[in-house]
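As written, the chains take the letters A, B, C and D, and residue 1 is the first residue of each chain.
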Amino acid sequence: MTDYKMHLLVCGGTGCKASQSEQIKNNFKNQLQEVGLENDVQVIHTGCFGFCEQGPIVKVQPDNTFYVSVTPDDTREIINEHIVKGRQVDHLLYTDPNTKVQITESKNMDFYKKQVRIALRNCGFINPENIEEYIGNDGYSALGKCLEELTPESAIKMIMDSGLRGRGGGGFPTGLKWDITRKVENEQKYVVCNADEGDPGAFMDRSILEGDPHTVIEAMAICGYCIGANKGLVYIRAEYPLAIQRLKTALTQAREYGLLGENILGSDFSFEIEIRYGAGAFVCGEETALIHSMEGKRGEPTFKPPFPSQEGYLGKPTNVNNVETFANIPPIITKGADWFSSIGTEKSKGTKVFALAGKINNVGLIEVPMGITLREVIYDIGGGIKNGKEFKSVQTGGPSGGCLTNDFLDTPIDYDNLLAAGSMMGSGGMIVMDEDDCMVSIAKFYLEFTLDESCGKCTPCRIGNKRLYEILEKITDGKGTPEDLTKLRMLSHVIKDSSLCGLGQTSPNPILSTLDNFMHEYEAHVNDGKCPAGQCKALLQYVITDEKCTGCTLCFRNCPVGAISGEKRNPHYIDQSLCIKCGACYDKCKFDAIKIA
Amino acid sequence: MPKIKLAENTINQIKEICAQFDNQEGELINVLHQVQNKLGYLPAEVQEVIAKELKMSLAKVYGVVTFYSFFTMLPQGEHPISICMGTACYVRGAEQVLTEFKRQLNIEVGQTSPDGKFSLSSLRCVGACGLAPVVTVGEKVYGRVSPQQVSKIIAEYQQGCPSEAKSA
Amino acid sequence: MTKVKSLADLKKLKEEVQSKIKLREKGDHPENLIQIKVSMATCGIASGAKDTMNYFIEELEHQGIDALVTQTGCMGYCYAEPTIELTIPGNQPVVYGDVNKTKAQEIIDKHIKLNELVDGIIPVSYKTL
Amino acid sequence: MEMINLTIDNKSLVVKKGTTLLEAASSIGIDVPTLCHMHLHDMNIENKPGGCRVCVVEVKGRRNLAPACCTEVADGMEISTHSMRAVNARRTIVELILSDHPADCLICAKSGKCDLQNIAHHLGIREIHYQGEQSHYREDTSPAIIREIDKCILCRRCETMCNEVQTVGVLSTINRGFEAVVSPAFEMNLDHSSCTYCGQCVAVCPTAALTEVDETGAVIRALSDPTKTVIVQTAPAVRAALGEEFGMEAGSLVTGKMAAALRRLGFDHVFDTDFAADLTIMEEGTELLGRLNKYLAGDKEVKLPILTSCCPAWVKFFEHHFPGMKDIPSTARSPQQMFGAIAKTYLAEKMAVKREDLVVVSIMPCVAKKYESSRDEFAVDGNPDVDYALTTRELAQIINLANIDFKSLPDEEFDNPMGESTGASVIFGTTGGVIEAAVRTAYEVQTGKTLERLDFEELRGMEGLRKATIDFDGLPINIGIAHGLGNARKLLEEIKAGNSEFHAIEIMSCPGGCIGGGGQPYHHGDVEILKKRQKAIYAEDKNKSIRKSHENPYIKKLYDEFLGEPMSEKAHHLLHTEYFDRS
């Protein structure tokens, strides 16, 4: 084995790959060879570092130097300066946007300071395509401990005691779920990993599979041991080619090392894992729908009970957990339930991964202890609102969640608090909105998503959401009435109360939470015909400021509908009844004389 | 029933894929994935072959194909353009970018341009939220796209095609 | 690849492969480790800093001493290259000049193992980087 | 059996574990409205997608409302089926369905019989608060069934019948979300699909998304055309169900009133398909014995078992799905087509009416009969043997149209020569009946002895697959019976695999046989109605003085005057047919 003196960790997550991190890696390899250091410095493609805003990321170890926004052109400089001469390349260091101080080590960055990485522990740390790196960092020792030292009952008890709850949305206690499945008697049982991440703005499951696929494999095997299943299935989005490829590699390696297959670690426990592909249906995040999809059918949910733990895949008892939930299992087994339950709040233990996005400075993937406040996440980790704008709202829980205001910024984040606040944990999307975002449009955006993704099986979701969307459209088109606001609320409640599955039962949340928290914006649309954020096109008015207008006639000539009139060298005028709000005049005006009102 | 008018070797390819999955009805989605991978889309005739091989109802095959947004019955353009409409991209202006693509290509989402060069689709979160709004053309990802950049992106593919942008 | 057949096997394998990532772990948590920074600017390298660094890495590994050996830029003592900076947890860093293999051996044997200072210290008014 | 205590609408009750809230409520007289749910007890047919959500009730302590059809009872449950919350949700849900449904109730084919209309009425809905876009699809007209799927409410009943029960697999839910609808593949027309026209989708559709092709207008036109002689035949199962259309108890036998009504409608002669059923027994029975005796004589070429061929949906089913076995079913035409062929030859000649001036109308419990009568092989020079096949429901429609007070009609007899029938032909209307009728004749022909016992209870019942061995005086004859095409498929697979134990098999496409046909008055999921019809059929058989087909004097006369022997050349030409590979 070559003893490398230095490691160059290059982020291989999808975001960074999109920014040519593959090229960066190859450049490093070639250029190291040129200077004859290929045996001293190892170049490793890791999983996501999380700090996507600043990607591509390159980390130099053991110097612990964190380079951001690296381009393929920067590699030679890093080699010549840092590797050869031991000098940091200052212009690639992260600059704190507030203090303007350059920071070398990631742990000193606000983005990382408050993070606690359990599920993401190996992401950005190990090479996901090398099982030995995983083993080197304690990998498969939890499985080993289970097989040699723990009975299924005692392992499940550890999970129960840890307080781990499902990270996919609902927050059902994981240990309890395992225990229920264990108690159902059947020759054949299944462990299913739900990797069909569908929330449009959450990508933690993919990052884990890309950055640390073995943790999922290990956890599924542990689950199999605990519930008495020898077969596992990973249901993964076909749109995640990189995660699929990494998972496949990991499965092959695990088999080669005997960590999957017959008689694992010399025990009488055998376990195999197969991959199943999702095909683009958000509703398949619901476990019964997921199971139907794995069976080759339309991914429609069915009424529970029977629960999958009783009758799941092919009618057999099946335990379904999502990727992030599984990623928490091995550390709990190795470090103990007490360690895990010491993190977090009373009813929500451990950490949660969030995909932080939207109008925020530090977009990325973060893992924080339960109980952290939204303020800490948004202002400390997230670095505050982009371009110095005003914070308006943060949306959590994706299409099932709600939009929270300033008032909730100091609420500790956990399952129950978010629910009480009218939102939910969901899979962990966290989208920050600023003063320019129209909350009615945001609600409409989510409804459009739900509408697209509703399976259509039950009436409230199929037709109810369509009607909700139509009402919202009416409002953003400036045709809403006060009565529509009442209708929105009443229909939302019925849909929540009577839909078949979680998708329908939560689909009105974005509407209800915006009605609760941003009623004034709805009222402005309905009563005053105004969109306070200036986003709803139909409610905009292009107006010419007389003082600034030089009468150049450029707007007049560019208006496609002849709505502008005026004499040359005299202020022009826009006839609002004719204006189609195309914005052509606004774009053309050279004197900033046209304002949006 | 309409008679199948596919080329002999296409039919054989499909049959081979079905056989790989033991002609099991439960493997329908896997079969559809592989066939679409090979042929680019799943026209009616292809579904007929699959239904026959898996000994299942054609209506059920069609029911599955129309349920999942990943499956398409229309051939894709030479350069499939996808605009990410995930929330992060949406709040950073993806809709305006999509509108611009629609306007410039003069096609709607789900359509292919008459010359077969471009097809347009929207997708939910490619996971490059740091680069929002994101557009993919084939396998190439464009980050922080503004409506103003749209014409430049289209132009890249209109004269010949850049080698790295060739779709898979 | 031979299969891992028991937990003991797995532990053995872990020991074997741990070094692959040890470097990164050390880098993440250097506070509790003996740190040796070898000045590796042009002048350092010309004076054999590379050999010195390799020697430290191999010898410490050989003796089973957990330490973090990194390179650093020019410390400004070109007259005394190769120079190293040694930090024992809880103590102030110490800079040695003219560290060849023999000197390195002595530093390991005395300073690192017994916490006795060795000749060749360059007195510096140290300021944290 | 574990028992569960609960209260529903403040009434305490004790029910078995596993009971649904719907069943529990119904057991104490509380009928929670349902729309998608359908359960044909004892027939193993259930549609329970839990999709319409009309039956939601409030369960104390639960976060959401619970669908009564799917939710099982649990100890200590407190249910309210009419709390403000439940009623509000239920009404909103029905309003939502109506908001995506054409509001043409006044002129809709299902008006007055529509489950959706009934529920809207039941809930007192007077306003639809949520209006918006309605889904639109192409209308599809086939020879037998019209699909107007703008009216589909996605209850999935038809899908269950077409797939799980009939295993025809033409219908599936397609698309998703608001666009989801039940349709054939590629939204193709039914006549391009492998639809058998069994009509079970029509029989269970709660709205008018699926209805039969309406031919009442054409029949009324023919009746008022002075140049035409219009005759009518009525299938056995019609008399056991027609009364329901006029508010009579299910199982009322209305044979006499039906004949009277048809006469008042202006049919020149009122005949009975039962007559042709007796004829079918003569032909099919002879064919059976012919094949059987050849087989017993050691002929390896002969195909056994022989399968009945009276049911047009079944014929189309094996033509699509088992074309390799098309030489196994009897070649005998169905009674409807035998009637038509004899009417337009023998009878026309007797009445001195030209073929083109004779209009044969049949009243059938079936929608596939419409398709059958349109098959090319059942026409001479483009003139079909049977001109129009009306369903039981369509007959009721024109009786109403003609201002006939059905219930007060006197009983009248059928006309002769084609109105005389035996008890054997009447039981053609139920599962097991055709084969029982065949046995009554075949036994006597084969053994030369008189049957002492005519009621073969072992062949009767409602189970989907039945078998019995009948002792033909020392020769055991193994008989299989299947109703529902899914059950038929099982027997066919057995034959295909070469391990069928049967000599003869009766197959009827519809659950229950023709009494449960797609053209019968809607049973709205009440299997008791089917059972009562079946009972009525057997009662009619019992009342008949002649109960064996070969003893029908007019059948004897027909052979003497016209056909010669069963399976004669003439009989072959007029009464037998061939099948086609439609795969």
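Points worth noting:
Everything that follows uses one rule, which is that contacts are C-beta pairs under 8 Å (C-beta built on N, C-alpha and C of every residue); 3 or more make two chains touch, one makes a residue touch a chain.
Note that the structure is a prediction, hence the values are computed from the model and not measured.
For the pairs B-D and A-D, the count of C-beta pairs in contact is higher at A-D. Our note on geometry: subunit B versus subunit D, Cα centroid distance of 45 Å, whole angstroms. Separating the centre of subunit B from that of subunit C, both taken as means of CA atoms, is a distance of 55 Å.
Note: centroid distance subunit A to subunit B, computed from Cα atoms, is 23 Å. The multi-chain contact residues of subunit D, meaning those touching 2 or more other chains, are 173, 175-176. Residues of subunit B in contact with at least two other chains: 60, 63, 67. Contacts between chains, counted with the stated touch criterion, involve the pairs A-B, A-C, A-D, B-D. Remark: subunit B residues 1-2, 44, 47, 51, 56-63, 66-67 touch subunit D in the complex. Residues of subunit D touching subunit B in their complex: 163, 169-176, 183-186, 192-194.
On subunit D, the positions that touch subunit A within their shared complex are 49-54, 56, 64-65, 67, 70-72, 85, 88-89, 92-93, 96-97, 99-100, 129-133, 153-154, 173, 175-180.
By the touch criterion given at the top, residues 13-15, 17-19, 52-55, 198-203, 206-207, 238-240, 276-282, 293-299, 314, 355, 357-359, 363-364, 395, 398, 429, 431, 433, 437, 442, 445-446, 449, 452, 455 of subunit A touch subunit B in their complex.
Residues 24-30, 32-33, 60, 63-64, 67-71, 85-88, 90-92, 123-132, 134, 141, 143 of subunit B touch subunit A in their complex.
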